[in-house]
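Please read the structure below before turning to the comments.
Each chain gets a letter, A, B and C, in the order it is written, and its residues are counted from 1.
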Amino acid sequence: MKTGAGRFFEDYRLGEVIAHAVPRTVSGGERALYHALYPARGALYSSDEFARACGLKASPIDDLAAFHLVFGKTVPDISLNAVANLGYAEGRWLHPVWPGDTLRARSEVIGLRETSGGAAGVVWVRTTGLNQHGEAVLEYVRWVLVKKRGSGPAAEPVVPELAKAVPAEALVVSEGLRFEGYDFSLAGEPHRWGDYAVGETIDHVDGVTVEEAEHMLATRLWQNTAKVHFDATRRPDGRRLIYGGHVISLARALSFNGLANAQMIVALNGGTHANPCFAGDTVRAWSEVLDKAETGVPSVGALRLRLVAVKEGAAPFALRGAEGKYLPEVLLDLDYWVLIPR
Amino acid sequence: MKTGAGRFFEDYRLGEVIAHAVPRTVSGGERALYHALYPARGALYSSDEFARACGLKASPIDDLAAFHLVFGKTVPDISLNAVANLGYAEGRWLHPVWPGDTLRARSEVIGLRETSGGAAGVVWVRTTGLNQHGEAVLEYVRWVLVKKRGSGPAAEPVVPELAKAVPAEALVVSEGLRFEGYDFSLAGEPHRWGDYAVGETIDHVDGVTVEEAEHMLATRLWQNTAKVHFDATRRPDGRRLIYGGHVISLARALSFNGLANAQMIVALNGGTHANPCFAGDTVRAWSEVLDKAETGVPSVGALRLRLVAVKEGAAPFALRGAEGKYLPEVLLDLDYWVLIPR
Amino acid sequence: MKTGAGRFFEDYRLGEVIAHAVPRTVSGGERALYHALYPARGALYSSDEFARACGLKASPIDDLAAFHLVFGKTVPDISLNAVANLGYAEGRWLHPVWPGDTLRARSEVIGLRETSGGAAGVVWVRTTGLNQHGEAVLEYVRWVLVKKRGSGPAAEPVVPELAKAVPAEALVVSEGLRFEGYDFSLAGEPHRWGDYAVGETIDHVDGVTVEEAEHMLATRLWQNTAKVHFDATRRPDGRRLIYGGHVISLARALSFNGLANAQMIVALNGGTHANPCFAGDTVRAWSEVLDKAETGVPSVGALRLRLVAVKEGAAPFALRGAEGKYLPEVLLDLDYWVLIPR
C-alpha cells in the first residue's frame, strides 16, 4: 500500500516528535496571492519601504501566511483523520519570514486522552515552524479529536497544562522593530496603543462573500491536504467545508478597518472555529480589546484582541447564546496579541 | 469610533492634497497574477528579454496593473461613498514600474460642484502615483459623484478645465525605449504604426465569461476596498458589481488580437463605465483608431485608440442608441494613447 | 484584417518551422500560482533547500508548468482551429526551468494527412521550448485535427514514425542531480525505486472538485488562447471546456499520495484526453507502473507510469470498456517517465 491513510489515535506516542513533510520556499508570489485572496492592507506587510522605516530589512510574509504554511505541513500527520479541530494555545511568532526563506515544521505530541465513548481521542501537539537556518519562526499548541483505528483499551490520559494566554513578557518583538518614525498617514489610521481601551469593541464594517475557488486556492497554497476542503463528494450535502484558517485570515484582513496599526501578530492565545463556513457565506468581523501591555521596546505596544468572524445576520457583538453556546452565526472566536505603535 | 465611514462631499476642500494610505511593493507575484486574471500577452510585459531588446532594463509591471494599484489606494479617501465614477482625463504614464518598486499615491482636489438636487456633489481629483524614489510613475484626473453628509448650503462651484485628450507632445516615451530591433514574430503580429488608419475599427474576436472569484481576486490585489465588489448583501439583487478597472484590463488584454504591438499605454484621455458588469457576463472588445502621432523617438509611434468593452449580444461596433445614450450592452468606452513600433 | 483567424490545414507546409509568439519570463509568482491551482507537493519543486540537497542550484519551476507555458505559445499557431488534440509522443524535459528564465517556443511541421472526409486534416508538430540561452528545455510531438479552409485536393500524406515510448537511454538527468542524501521524511513518503513493481497500480485516494475560475486562471497564466476554455457562449450547452493540461497537472499533483518521491518528469511517451472535463467534476487519479529503468546516475532511477484521471463514479482502475473505448468517466490517460531515488 503506497498511499497513506493518515494516523489514527493509537498511532501517537507521548513525547514523539514528528518531522512533517514538504518544506516550502516562499517568495513575492505567496505575498501577492495572499493579498489577492484576503483584503489585507497592513502597511508593514505591503511595503518594503514602510517595513524598513520600522527597522526591518524588508516587508515580511504576512504572519498568518507563515502560520498557514506551517499548519498545512502538519495536516497529513495530525489532522487527516481529525473529526474536529478543538483549539489553539501558546502560539508565538518568533522570527519574521522573509521572501526566499524555506519553512519546515515539526510537532511534538504533548497530550493524549481517549474520549469517554472510546471511538476517538484528543491529541495535543506543540508545532514549531523552522526556517532554513534552523531558527524557530513560530510555534503553537493545537489539539484535535482523532478517530481511533480499533477499540483497544485506553492508555493513561495525559492532558497538558496550557496557559490561558501568552503572558505579555513572553511576546517576542522582532529584532530592530521600532515605531518611532511610524507614518500613521501611510498606514491608514491615526489610532495608536493609547487610543484603545480594554473592553472596547470595534465593528469592522466590511463584509466579503466567499467563493469556492478562493478558499481552495488559499488552502492549496498552504499545501493543506484535508479532503473535505476540496472534494464536494465528501459530505452528504455536497458542500466543501472552508479551511478554518481561511476564515482567520479573512477576519484578520477585515479588521484593518479600525485596527490598521495593529501590525504584527505575536501570539495566538486561543481560538475556536465555532461553526462551519461555506461558499456563499458573507463574512464580517468584530474585535474586542482584551488586554494591553508594554513591550521591551518603548515605541512598541501590545494589544490582546478577540477577533470574531460572523456570518450575515449576526447581531452586533453577540457571541454566545443563553446556554453559553456560540450563536449559529459565529464562525470564529480568536484570541491573539498584536504589536501597535505607542 | 475607530472605523472610517469614508469622506462625504462636505469633507473635501479645493486645493487639499490627500496622502493615500498603504504603500505597496510589487514583485513577479503581481505580474503572474495579472497574467492569470487577464488574457494579457503583450510581449514587452511578458518577457525580460523582449523588454531588454526594446531598450528597457527589464519587463515592467503592466501599465494597467500600476494604474489599478494607484487607483486602489485612492478608494478609501475618494470613492467609498461615491454614487458613481463619472470620468477620467489627463492620465499619463510617466515612468515604468519595475518589480521591487514601492508605489504610493496622493490626490489633489481640483474641483467641487454640488448637484442640482443638493444631495450629492461632484469631486474632481488629480491623482499621482509615486515610486520609492519619489518619481511620479503615473497621474490622472478622476471625478466622482459623492454623497453629502447633510444638507448645508452649496459652496461656490469650481469645475476644472480638462483637456479633451492628452496632446501627443505630452506623451512620455520611457527612457531608452526604442523599437528598431523589434521582433514582430515574437510579439505575435506584423502590424506596425503605418498599418493603422484613423477611423479603422478592429473587432478583437475573443470573449471571456467572468467569474466572481476572478474579479474579487483582482480587485483585492489592488487593495481596492469598495464594498460593492465583495459583499453580495449590498445590492437588493444580491449581485456584486465588478470593479470597472477589471473590465478595462480585460478589454485591453482582449485587444491583443489585432493590437499585439500596441505595447505601452502612455495616456488615458477619457473613459466611461457605460453599464455595470456582473459575473456571468461574457465580455468582448473592439477598438477604433482615433488618432496617430509621431513621438520624439523615430522608431516609436503613438496610436490614440477607443477601446470598447461589450457584453454578449452587442451589435458590431455599435456604441450609442438613438438619443446618444450608450447601448445597454456597452460596458466601457475608453480613450487612450499607446506606443507602437513605426 | 488585423486579427488572426488562426491557421487551417492548408496553411501548414511539411518541414516548416513556426516561431511562436510571446516569450515569457517566469518567477516565484508562477510557482506560487501553480501551487495554489494544483495540490502540488513535490519537495523538489517546493523548497530551494531540498532542491540544493539534490544537487540542483535551486527549486525549478514545476515540469508541467514549463510544459504548459510552451504549449500555450503554440496554441495560436497550431490549435486555434483544432477540432481535437489527438496525441503526444516523444516528449522530453532537457533542462530545468529556473525563476528568472525566459521561455519561447518553436514548432516544426513533421506530418500532414487529410482525413478521409476531406473536411479536416491531421497536423503533426515537434515543438521545442527554449530558454534565454537558446538551450532547449523541453520538446514533444503533438498532433491535432485541424479544420480545412476550403475543399482543395489532398496533398500526399506524410505520417511521421513516432516512438511508442521514449527509450530509457534517452532520458536526460539534469546536471548535478543526485539522490544520495535524499530526505524521504521531508519528501513525505518512504517508497523508493526498488519499492515499485511493474504492473503495480496505485489509487491516489484524493479528489478535487473543479471550479470555472480555477481552470481559467491556470489556462490564462500559460497564455493559452483557445476560446472554448474562456467563452461560455462557444458551446451549445453553455459550458466551458477545461484545458486538457489542467487535468494533467491536477492528476499529477493528486498522484503525490503514493508517488511523493516521483520527483522530476523527464519524458512524455503519450497521452489521450479521453473525455472532456467541465467545472463541477470531481477529479481523481490512479497510476500504473509500466516500466522501470536505471539511469546514468546510480542514485537516480526512472519509472514509466500511466497516470489516469477519472471523474466521480469511475470503477477502480477501469480504463476501457468492452469495445476498447475509454470509459465515459476517464478524462486522461497519460504515459510518462519520472525520476525517483533508488
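Assume a contact is a pair of C-beta atoms (placed from the backbone, for glycine too) under 8 Å apart; a residue touches a chain by one contact, two chains touch by 3 or more.
Computed from a predicted structure; not experimentally measured.
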{"item": "Rotation angle (°) superposing Cα atoms of chain A on chain C, nearest 5", "value": "120"}
{"item": "Interface composition of copies chain A and chain B: same or different, split at half", "value": "different"}
{"item": "Distance from the mean Cα position of chain B to that of chain A, given in whole angstrom", "value": "36"}
{"item": "Junction residues of chain C, two or more chains touched", "value": "27-30, 32-33, 99, 211-214, 217"}
{"item": "Interfacial residue positions of chain A with respect to chain B in the complex", "value": "27-33, 35-39, 41, 43, 46-50, 59, 99, 185-189, 191, 195-196, 200, 202-209, 211-214, 217, 257-260, 282, 312"}
{"item": "Chain C contact footprint on chain A (complex, rising order)", "value": "2-4, 19, 21-25, 27-30, 32-33, 76, 99-100, 102, 104, 132, 211-214, 216-218, 220-221, 223, 225, 227, 230-233, 240"}
